[in-house]
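Both complexes shown next keep chain A, but they swap its partner, so chain B is in the first and chain C is in the second.
For the complex of A and B:
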C-alpha cells in the first residue's frame, strides 16, 4: 500500500517550505530584508569585526593572569593584567576587614541569600519560617559584621569593597520601601500635620543632592552634636542614604496610588473597611504592583549611588580600585579595574531588573496595555 | 563645586567657634587608643593600601610615627582617606586628628582655614607632563592647550596664575584624583597633565610607554608639602611638629631604624643624640609625652632618609632624587630645628 495515500482529514502537516526555515532564511528575513537593512547589517558586522577580536585579544588571549606587579604582567603579555584583580580580590571583596574574621562576611552573605529566598519567592517551602528569619536577619547580620557578644569587635571604618556596597545597598533598599510607603500614604492623608510633614520631608530630601547629604553626614553633624559624642560614620551614611531613597520611593508609590481608579477607594469604604485594612487588602497591593518598575528603578539608582561614599572617605569597590591604582606596583591599570567593578555592578543591577520583570509577569492580571 | 566650597567655608567657620575652646587632642587620642590620620584616597608612593589592605607610603609613615610617639604603637592608626576638597573639612570637623596628605602650606590655609602646619616633609614644585610627539620644549609654548587639573588644589590656582602671567589661554579638564588624571591624560582627553613634580614622575612611570612623554623643564610654583593640624591646640601641634623634626634630625645624626636601639640604649658622647634619644634632658615632658617618644617613632618608621628611600627614592618606581629634600649638609634645604 502506498504510504502517501491518506484518508480525508488525516493528512499529516507538511514541513514548511525550505526557503522559509533554517539559517539562510533567517539571515534573509532578519538581516537582508530591505536595502536599508542590508546597509545596517553590513555596518554592524564590520563594527563587531573591528571590536570583538581586539577585545578578546586584550581581555583573554594576550592577558596575564598571574604576576606580582604590573611589570611582571607586561613581561608576559601585552593585554590586560588580571593578576592585579586576582592579587587584590580580597581587598575588593572585604575591604579592610581583618583577615581572620572574613568568614563572618561570607557567613553573612550566605545568610542574606537564605533570607532573600522566602522574601522573593512566594512558593518557597516553609515560607512562613523563612520570613521570620528574614525579619531577624538584620540583627544577625549586624552582630556578625560588627562583632561583640563573643565575636571580636570590628570598626565600621574597616568595612570596604563589595561588602560595603552590599551593606549600604541592602539596608537602603529594605528600609526605604516601608518608609517610602508610609510617606506616600502620609502625603495623601487627610490629617494636615501628617501631610505637611510628609510633603516637607519628601521635598527636602528630593531637593538636595545625595552628595551634599553625605557630606553633611560625614562632617557637618559633628559640629552640631555635643563634643565627645561619637556617632558612627557608616550609620550616618546608612541613615542619609535610606532617607534619600525613601523620598524618591514615596513619589514612585504615590504615582501608583494615583493610578488606581477612585472606585477602588470608594469600594473599600463601602465594604466598611478601616483605613489600614483597606490599604493593606485593596489599595496597596494594586498600587505597588503598578509601581514595580519605578520601585526597582529607584533601587538600582540607590545601589549605584553607593559609589558616592568615596567623597566622605569610605572605600567602596570603586574607591578600593582607585586607591589600588596608587600602589606603585599596579599604577596605570585603570581599564582592568573599571571593567571589573562594572561587571560586578552590572550583575547586581541586571539581576534586580530581571527579578522585577518576573514579578510583573507573575502579578499581571490583564491590566497591561 | 561651588556648593562644596561654601560648605567647606561654613564648616570651617563653625569649627572655629566649636573647637577653639576645646583643646587636648592628645587626651582624646590616648583615650581612644587610635590616631585618626587624614591621608589621600591614593597617591603613588605617598599613600595607598597594599595588596593586603595595609596603608603604606611616604605620608603614611609620618602618621605611623606620630602614633608610635603618642600611643606607643605605629599600627594604631585609623586612616581617613580624603579628596582634595574634603581634607580640611575632615580635619576641622574633628574626623581627623592630624593630616598628612601631601598638602601645600599656604598662607590662606594656615590663616583663613585655621590650620597649623607642621614642618615641611617634602619640597615639591608644579610641572607639566606632555606627549613628546607634540614637539613642545617649554611651558611657554602651551598656549591654547587643554590641561588636566585636580580641583581644590593649589596646582589649580598656580596654573591659572602662570597662564595669566604669560598672557596665554588654556582649557581646563577638571579631575578629582591623580588616578583619574592618569586615565584622562593617557586617554588623550587633555594635552597636558599638570601636578606636583613628584606626582608627574609617578604618573609618567605608570604610562604604557614612558619614553613617549616628557616632563617640561619649567617648575612653576613652590610646593612645600607638610602635615597639618587644626588651630586651637598648640600642644598637639607641637607633638606633630617635633615628631617630624625628630625624624629629620635622626638622619642628620645618623640614627636609623636598625641602630636606634643600640644608639639610644644609654647616654653617649653626643648630647644631640642623647636629647633625641631621651637619655638626657626631658624633652618628652615638654610635649606631654615620655622621653622615649622619638625613639619609638624612629623604631617604627626609621629616619627621613630611610622613609624617602623606601617609598619615593631612586630605587622605587617613582625614582625621585633627593634634590631639595636632601639634608642641608648635603646641599638640600632640609634644616630641622634642634631638639633641646
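For the complex of A and C:
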C-alpha cells in the first residue's frame, strides 16, 4: 500500500493500515471474524435481548419495594417483592444478635475493613502499624462480638446471617493459609514424623465431606470430650472449617512449591541461608505467587461452604431466609430471597477474584515464560 | 604429575583451603565418585573437565554439601563436612557457588539478590550490604541494572549478577559449575572476562568448564575426570600438550577438533 521505496537502512516507522485499528476493525476482528463467530455473535445478542428486558422488568420496573406482606406486594406489582427483603434486612445482616448491641457488629465490620487495608495494599501509609493492628484485630473482634470485659456478653447461638458468614469465612481464610503453608512444608520435610503427620492430616481432611466434619463437630465430639466440658458449637465449626480448608490449601501450595526449579532451593542453600530464612525470603514468596489462583479458589470455596452450617442448625443467610419464608406473611418469595443471598455472595467472591488478578499483575517481575 | 600439591602430606594441612581424602559417593547403588583425593592451595585456580556424567558437578557440589558424601573426608578451610549442620553453615558461608543456570531469585531485584545473604547470613546492616553490593556490581560492570529484576536481563548479565551475588559474601573459595554453558556465544566472553579478573585478584577457584582457552590462561592445574574418578591432573601446558592417559587424549581430541 505504501509505494515509496526506501534505501536499505532508511525505512521509517509507518502507522498501521487504517482498517486494522478503531471500533469497526474491533467488531470485525472480535464478532464477525468467521461464520461460526457470526452465528455465535447473533445468538448471544438475541439471548441478551430476551433476558435483559425481562429481568429488568421483574426486578425493578414491575417490582414492589414497600408493603407489609406478600399480598400487599402482589396487589401493587406483578414482579419481585423486595419489601420482604427490606423488612428482614436486619435479620439477614445481624442474625438474632440483640438489637441494642448491633453497633458492635457494625464497629467490628468497620475495623475489619480498616485491618484489611494494610494487609491488601502494600503501599498503604504507616503499613507497619496497620499490620500490627491487623494482628490484633481477631482479639478485638472476638471481644466486641462475644462481649465480656465491660460489654454485655452475647451467646454465639445468637449469631446469624451475613455476620455469621463473615465470622466463619474470615476466620477460616485467615487461619487456613498459615496452617496450609505449614502442612505443605511438612509434607516436603526430611523428618519422617513431620511428613507422615502432614500427609495423614491432609489426606484425612480432604477425604471426608465437610458436612460429616460439621456433624462430628456438632454431635460426636461430645462423646470424646470429658463429661461436663462445654465447648462452644460455633468454635467447633470454626475449627472444622479451618482444618478442612487447610488441607486443600496445603495441596495448592505444595503445587507451587514443586513448580519452583530445584536451583532456587540450591542457590539458597549454597548461600548458607537457614531453612526458615530461605523459606520465608526465597521459596514461599515465589511458591505463593504461583499458587495465587489456587489459593483464592480455595478461599472462595470455603466462603461459600459456610452455607453448609445450616445443616447443624446455625442460621447463616440461607438459614435466616428459609426461616423467614416459613412466616405466613411472606411465603412463596424464595426467588427474591435466594437472589438476594446470591448477590451478597457474588459481590464478596467477585471481589476476591479481582483482587487476586490485581495481585498477580502486581507481582509479575518479567520472569514469566 | 609429581609436582602437584596433592602429594604433599596431611600434616601441613594449614596451607590447603580444601582437603578431600579418600572420598566416595553413591546415588543409591550407583557409585558416582570413587576415591577422590584432592588438595587445593589458597589462591589456586583449578579447572575440572571431563565427559558429561563423569561426576564433575557432583564433586564440586560435595564441597559445599549440596550433595552428601558417604565415605572419606572433606575439609574446607579447616572445617570438616559432617552431618553437623553447624559445620555445613560455616563452610557455606566461606564458599561461593555459581551455577550453570544462574539461579538468581526472580522475585527480587538485582540489588536485593546481592544483599540477601550478607544481611541474613552475615548479619550486615542493610546500608553497608548495599554499598558492598554496588561495588561488586560495578566490578562485573552492571551497576546500572541494580534495580531491575533478573528476568529483565540477558543471560550474560544474569550470570555476572550471580557472580557478584556470590562475591558479596566475601567467600574464600568460589565454585563454578559450567558457568558459560547455558549462554549464547556472544555472552560467554563477558562472563569469562569477569572470571579471569577474579582469578588475577587471587581468588581460590574451582571451575567445571569446557572453555579450554580459559583453562590455558588462568588455571594452575587442570583435572580430568571420567566415570567418577580423577584420571589425570597436571599444569595446563602439560595437560594439553602431553596428555598421559588414553581417555584424556580421546576427550581432548573430541573437544578440540570440532
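We take it that the second predicted complex is superposed on the first by the 328 of 369 C-alpha atoms of A that agree within 3 Å, B and C clash if a C-alpha of one lies under 4 Å from a C-alpha of the other, contacts with A are read in each partner's own complex, and residues count from 1 in each chain.
Methods note: a residue touches a chain if its C-beta (ideal position, glycine included) is under 8 Å from a C-beta of that chain, and two chains touch if they have at least 3 such contacts.
None of these values were measured; they are calculated from a predicted model.
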{"item": "Contacts of A:289 with chain B and chain C, given as first, second, both or neither", "value": "second"}
{"item": "Partner chain(s) touched by A:219 [first = chain B, second = chain C, both, neither]", "value": "first"}
{"item": "Which partner reaches more residues of chain A (counting touched residues only), chain B or chain C", "value": "B"}
{"item": "Partner chain in contact with A:270 - chain B first, chain C second, else both or neither", "value": "second"}
{"item": "Contacts of A:332 with chain B and chain C, given as first, second, both or neither", "value": "first"}
{"item": "Which of chain B and chain C A:101 touches, first, second, both or neither", "value": "neither"}
{"item": "Intersection of the chain A residues that touch chain B with those that touch chain C", "value": "none"}
{"item": "Residues of chain A that touch chain C when the two form their complex", "value": "261, 263-264, 266-267, 269-274, 277, 281-282, 285-286, 289, 363, 365-368"}
{"item": "Interfacial residue positions of chain A with respect to chain B in the complex", "value": "87-88, 90-91, 94-96, 99, 155, 157, 160, 209, 211-212, 215-216, 218-220, 222-223, 227, 233, 310-313, 315, 319-320, 322-329, 331-332, 334"}
{"item": "Touch list for chain B against partner chain A, complex", "value": "3-4, 7, 10-11, 14-15, 18, 22, 40-45, 47-53, 78, 80-83, 86, 89-90, 93-95, 177-180, 182-183, 186, 202-203, 205-208, 316-318"}
{"item": "Contact footprint of chain A on chain C as seen in their complex", "value": "64, 66, 89, 92-93, 95-97, 99, 101-107, 116-117, 120-121, 149-152, 169"}
